[in-house]
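Each in structure tokens, the structures are laid out below.
Next come two complexes built around chain A: one with chain B, the other with chain C.
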Partner chain A sequence: MNADPHLTPKKKRMTLQASLPLIGVGVGILLIIGPFLAGLIRSLLLWVGNDPQVSLANYSWLLTDTRIRTAALNSLICGLGAMSVSLVLGTSLAWIVSRTNVPGRETLRTLNLIPFFFSPYVGAIGWIFLIAPYSGLMQTSLGSLLGVSFEGPNIYSLAGVIWILSLFYTPYVYLFVISPLQRMDAAFEDAARVHGASFWTTIRLVTLPLLQPGLLSAALIVFVTSAGLFDVPLALTATKGIRTMPTEVFALVRYPSDLGRAAAFGIFITAITIVLTLWQRAHLSKRRYEIISGKGYKPRVIELRTTGTLIALAIEVLYLLTSVVLPVLALVLVALSPLWTGRFNPATATLANFSYVLFDYSLTRQAILNSLFLAVTGATLGVMLSGLQSYYLIRVRSGFKSFIDAILALPLGIPGIVLSLFFLIFAIRTPLYGTLAILLIAYIARFFPFATRTISAMLSAIHPELEESARANGATWAQTMRFVLLPLLRPALIAAWIMLFIIFIRELGASILLYASGTETISIAMLLLSENSVGYVAALALIQLVLLLTGFSLFRLTKVSAIQ
Partner chain B sequence: MRQDAPDDFVTIRNVTKKFGEFRALDGLSFSVREGGTLALLGPSGCGKTTMLRCLAGLETPEEGFISIAGKVVFDSAKGINLNPEDRGLGVVFQSYAVWPHMSVVENVEFPLRVRGVAPAERRARAMEILEIVGLTAFASRSATQLSGGQQQRVALARALVHKPALVLFDEALSNLDAQLREHMRLELQALQDRLGFTALYVTHDQGEALGLAETIILMNAGQIEASGPARQVFMTHHSSFAARFFGLNVVETARLAAPHAIAGKPFIAFQREYVRISEGVTGPGSDDLVLLGTIATRSFQGLADEYAIDLGNDVSVRVLDRSGAFSPGQAVSIAISRKDLFLLDA
Partner chain C sequence: MKIAHFASIGVAALVLGGAICPAVAQDIPAAKGMNDIERASLMQTIAAAKAEGALNYSDTIIQPTTNDVLVSAFRSYYGLANTFTVNYTLLTSGAMITRVEQELSANRITFDVAAIGSPTWTFERQKTGAFLNYRSGQYDFYQDAIKAGLGVDGYFVLNGGYAQIPIWNTEIFDFKGKSYKDALAAVPAGRFSIGDVVQSESHLTTYAGLRQALGVDYFKDMARKKPTFVGRSELSAQRILTGQDMMAFGGNPSRVHQSNQKGAKLKIFYPEEGFTFLPQMTFIFAKAPHPNAAKLWIDFILSETGQKILADKEALISARAGFQSPIPDIAPNFSSLKIIKVDWEKMSAQELIKYRDEWVSIFNP
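Then we have the complex of A and B:
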């Protein structure tokens, strides 16, 4: 019996089963730890003449420099501001479409998500065209109507940054609370009402506290993402000398270049995000409870009276106008004008800007191709990597799982520009520098956790018995994956792919330090052209939006929630 | 307008509730005396919960009149519709709805808190009621760390703490196991004696209704099928629906081999227990209805065997017998005394 012919191949398959998920996890950890270590080491080095010395000088500079303090404070203001506004707005929108009989709520439910797929950078550009002091469309059209010229609100300010960030991060909150709002056992609220609580008291004492876990997660994500977002402050305040942490990192790398200080600053930012993430994990694990009971009624739908309907519709319409319709309208008008003067002249409207950036201008043509290549390749590789990691996190038995899970989730909070700074330090003296490959690697490293979340959530809902029965019926592990698990997981894989595609198409923060001549992306091209060719910028922005909305439509088709 | 009888504490008149075109409640009227207990009984989907929610103000009927303790809380004719919080009730929900983000005592003192009772006093009153339901030791626990039975006590304490005059129970006992259920039933009665509230129970379980309530309303498809004192509703049957609901055999007379034996009514009904089986074909006794059939199945039920007996013509009845003497396939005759037979019109 010692010459069993089945023994050898079986052993090999076991190895495949054990090794593939491990490879996924290993690559993920390398992608995070590698650049982080490079950044850490660089931050501890100081060049004296030609000799590097280990020193804490960069950190002590960090603690004393007022620029850093100002930037940190500005980021804090942006983060808290955007967080507060989007919490209120996102919860209100979710409540309106899930708990009231507002007309068209099915459609509104989808429309509210569009800004989620938009690029905040493009939104900022659109809003500049809309209300730049004196020259914005609002000012010029209102001005010619009233016969005066006026300045209007100053979009080039922290308030402007908060405004744009709030518009585009509201859907995060919305996504986090709409499902608990829809599925919460109505008896929780009913019990409060019948025992004496008014409508508003019930919302304050029961509904909102029950939503707290979702609200907290959303608040943290919005805060961290807003505070770490590079492109909106760059577009709105960088030229006015108001810097936030990410634009300060950029300034440290560029004017004048001091990678050591930049790295120290990056490590500092990373440390903050790690602390925040750990705190959230600890807090959430304490407060996990079920708010959906098996039997029970769907939440009651509030029958709005006329005033209520008008208020609800006004909130919806204002939100969709300011986040989508108005900025897009401004972009369209600018893109159609041969020379933008703050006024749109239908007589001279032309598609020349589009044909120029699409076909004639090598920079933009190449940028579009680069972005598409990065998005398609990156999403594909990212989903493969995340699929393997999810398999490890959900299916493989291991004592380190929660630790590995925490590590793999780290990039969620690290600003793109910080991660790409680490990659820059990592790659600057290698042939990778200045290639599309380094952009691709940085993109995947920064964003694979989104895909891993989506896929893990679905995988944990698939009962292992489905795979076990395939194995019991004689399928190998590879066959089981191919014929059972992957088909079952397909919706999540597609959703994760589309999500990565969308993120990569619009990404600026992770690209800005790593691009070189020939590897520009759409967002980089917009940035490069923003000084003098607003028509091309608008046309490029619209082309990018079309790509993003294609992703959005596909996303609706797959019907998998973006945030699990 | 008709004057309500002076002892009507809760009055429900002509309440109709529609969901779209579907009439969940179809002109329901009944009343409860002060300190009384009434059970709304009926099969799943007959509208019991809907009626309870209309009473609590959680659902708005299209039509009707509801008054509680002399206060009109709903009147479609006058456009009166009080908010749930203004009706001053206590409600025990089927899913308990114990708030997971509050501790046990916070849950219980909630009705006092929203009524503006000072913290010290409301804590004292909540502890008092927690003592009555036997949960003092759990007061500071998170509500999520309780068993189903304990959660129900919390829900009960919460419904009673503000001393409401009327307490509504939706399937109060159905999620509990048999032992706990009996225990809670006795406890509820003791509580009611002690606190003196009026109680309205909603249940699909006849045992629960009979054990808890002095008055029973049997509902069918949004209408009242039978009502009255519990014993009377259980003992007298006026419709095949009621008879079937209480587990009686209901047989269409036209399908029987000897229809002449039953004077002209379309249905007869009888309890499983009140049937005598005998072997083979025996002649009729003095005043019995005798039917011939074949034993189809036999199942052991502890004290007795339950037989399904095939009477031919697609008629099958269930019979309890303690002799253990019969087996499937056997030809038997069954006899039912005239006094145990209900003759039904519909």
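Then we have the complex of A and C:
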């Protein structure tokens, strides 16, 4: 592109500067629009004999089928339930560690993030072992003490799904509100208190409204992600015949499959996501939310009394116990048992399950290698793509930026299984079908917006003057990028890379319809091993957790994680 | 080009070597009792399989630990080195059919061989040309099964069969009944599982058979007792082991056998009303990536050696002529079974879908 002799050096530089970010944006849009169009076209086709005809029959079926209505209602319940619990819990945790003097709050600030990196599917499995009716560790332990057998809470229910989703999506809310809480000018709350407002009235009328942008963003992402999650309902409610939208998409793809109806359903879910995203953008753009005034201020730290401290610590301990300690403990006990009967017998404890999945079963070995390959390659390509997109969104002047930003953010809300379905339709008759490449592309398409947001946040904090001064001193655009911007962006790039690595290691929804023999991932292997032995599943889940915790530890070492 | 050239020379050399070295062939168990022509043919197939280097097979029953035993025996049977790879995938019947249908649509078959307890689908797919025509010499021992509608000569036959029948944990539940009706009467409401017909082709097949013997009212009574729906046999056994359920009506004898070997005390019974026999139909795909390795596998799995391993490790019921079960309590001899007669070849996929819709209307999962 620089070989054109008619271009002046300045135009050459502008071409390179403009084209690279545009390529990033173009690839991102193609990754979204391509499969989406494939799904849309497939949803409008109906086969009569061997001939496809354009028809709206798949959509009219959507409106009339009671099973779909039930599934949609259940997903709505799951989404709203998880959103509500996560909002309360996430805001409370963020408030405790950022606005109170609770002891150990710096440590708690980090610990609260651990569930963000865990797989909700693994959490669901852990909770099944903990409280499965009549046979969970809780029931058997208490039963032994009291000499009775009892059913306990029903984890195989929508309430069970909401519970698990809430535990693992609370950190999303926490991340969205902790920064505004830390940066909020205490003068707003002081003014309310001076005028006679009680503590709770101040929270309700001042603090929460000022947190509204963060809360609304968190609520939307938790609602859409919870309603669209495939694996937790599969683990918990499938045995009770409780269907949700993602499990219904999965059922439609299974033999005798109806890809037309599945595609129509996927388009319907995507349309809901688009409407919700647009509504959120419109709502937030109407109001101003200034939480930092021009005056110097000091964030208020509330001195808790003994009772308040105990309550705050109890909330923290309870959250960490239920989201991390107890499910992991249950997985460890099951993984160490040769035959799981609901009771742990230390006398028979063995490492055989670990040995089997790590050394003896070729599928799990291959799955671990595949997941590592997908995570490392996918995270690298994803960060490169997101870096270019961020540059376009923050640095390039364009009248379409807002529109492009909205398009590039779409995968955040599209359920993994729906995107996986679109990619299946897109690739089934191409050489990509059944390869690791299609999984890699689907992963990047589904999750690059996470990286784009991380990098954009840091890029917007770096003043363009630094690049401008390098350019003024004769550096080319490429040199400016290499020696000025990229070193400054490095923490964000590393954080984005680790985040994608972690997400790809635990990914299931986007893999379930695209894997083939030899391209199984860790999460797929867990699903396949569940036909074999729960001990193997628990062992592999723990191996996955070790990989995720390693990622989490590395994430904490990056400077940008503190900013986030 | 050069690589292909050298590879073909290598294959030719191996074939020639096999043909002129009957002494080598005599050393392998597979060649036992063969005449010179059969032996030469076998050695050609072995040489071609070695050149292919691998076999991909999938099954809905065989556990990975059993696969390890099978693969070891398979290599010994043909004198294959450990470098010959056998890739095995355990799938549920629904997942396997979905995968295979997708691969057939994509014209990219990744499996060489599969075995599945879904006879209607197998008959239909054989008619569409999805399977390789290979008349294994072992088919001679399965002629009675083929006459009984459990295979098509030269295309597929069962490598074993099983039933989805009631199982329970004797340490938790005291049951002494003999029929499906006894079992339903004894089990407490909400404390039993049944096979999920929507998720699993084999459970659908079982329902299609049982529905004819037990009548629709039996299942309506069952629905009133609020069962749990389980698509995977391991999960139904696990729920019995831990005491979540008192009985699994769609239990798998293989899982009972394997759990009991680890110290559990699970029990099954073959109900007096009869039961649906699920033949694990095994076949080679027409576009298998390793057709010669696949032929060796079919010969092996249908042989006395392969059948013994499947019966002993997986409690599969062998239909091989003259075969005696090593565990008759769990996997009785084929000739002693009271099987509900169903003509799987005549039953269409549409009929199965009607059964599935009926099941859904009764249980409303």
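Structure notes:
Here is the rule we go by: the second predicted complex is superposed on the first by the 539 of 564 C-alpha atoms of A that agree within 3 Å, B and C clash if a C-alpha of one lies under 4 Å from a C-alpha of the other, contacts with A are read in each partner's own complex, and residues count from 1 in each chain.
As a working rule, a contact is a pair of C-beta atoms (placed from the backbone, for glycine too) under 8 Å apart; a residue touches a chain by one contact, two chains touch by 3 or more.
This structure is a prediction, so every number in the text was calculated from the model and none was measured.
Annotation for the three-chain superposition on chain A: chain B and chain C fit side by side.
When the two structures are aligned on the shared chain, A:Leu210 is found in touch with chain B, with no touch to chain C. Contacts of A:Thr239 after superposition: chain C is touched, whereas chain B is not reached. Which of chain B and chain C touches more residues of chain A: that partner is C.
By the touch criterion defined above, A:Tyr134 reaches chain C but does not reach chain B. When the shared chain is aligned, chain C comes close enough to touch A:Tyr433, but chain B does not.
Contacts of A:Ala197 after superposition: chain B is touched, whereas chain C is not reached. Using the contact criterion defined above for the overlaid structures, shared-chain residue A:Ser355 touches neither chain B nor chain C, since it reaches no partner. Look at A:Asp185: by the touch rule set out above, it reaches chain B but stays clear of chain C. Look at A:Ser517: by the touch rule set out above, it reaches chain C but stays clear of chain B. Closest approach of chain B to chain C, taken over C-alpha atoms in the A-based superposition, is 48 Å.
Annotation: chain A has no residue touching chain B in one complex and chain C in the other. The part of chain A that touches chain B in the complex is made up of residues 185, 187-188, 190-199, 201, 205-206, 209-210, 212, 287, 289-291, 293-296, 300.
Interface residues of chain B, counted against chain A in their complex, comprise 53, 56-58, 83-85, 87-91, 93-97, 99-102, 110-111, 114-115, 144, 155, 158-159, 162. Of all residues in chain A, only 132-135, 149, 156, 238-241, 243, 251, 253-257, 338-342, 360-363, 424, 428-429, 433-434, 516-518, 528, 530-534 touch chain C in the complex they form.
Contact residues on chain C toward chain A in their complex (touch as defined above): 56, 58, 63-64, 68, 87-92, 94-95, 97-99, 101-103, 105-108, 110-111, 121, 191, 193, 196, 198-199, 201, 228-235, 238-239, 241-244, 259, 262-264, 349, 353, 363-365.
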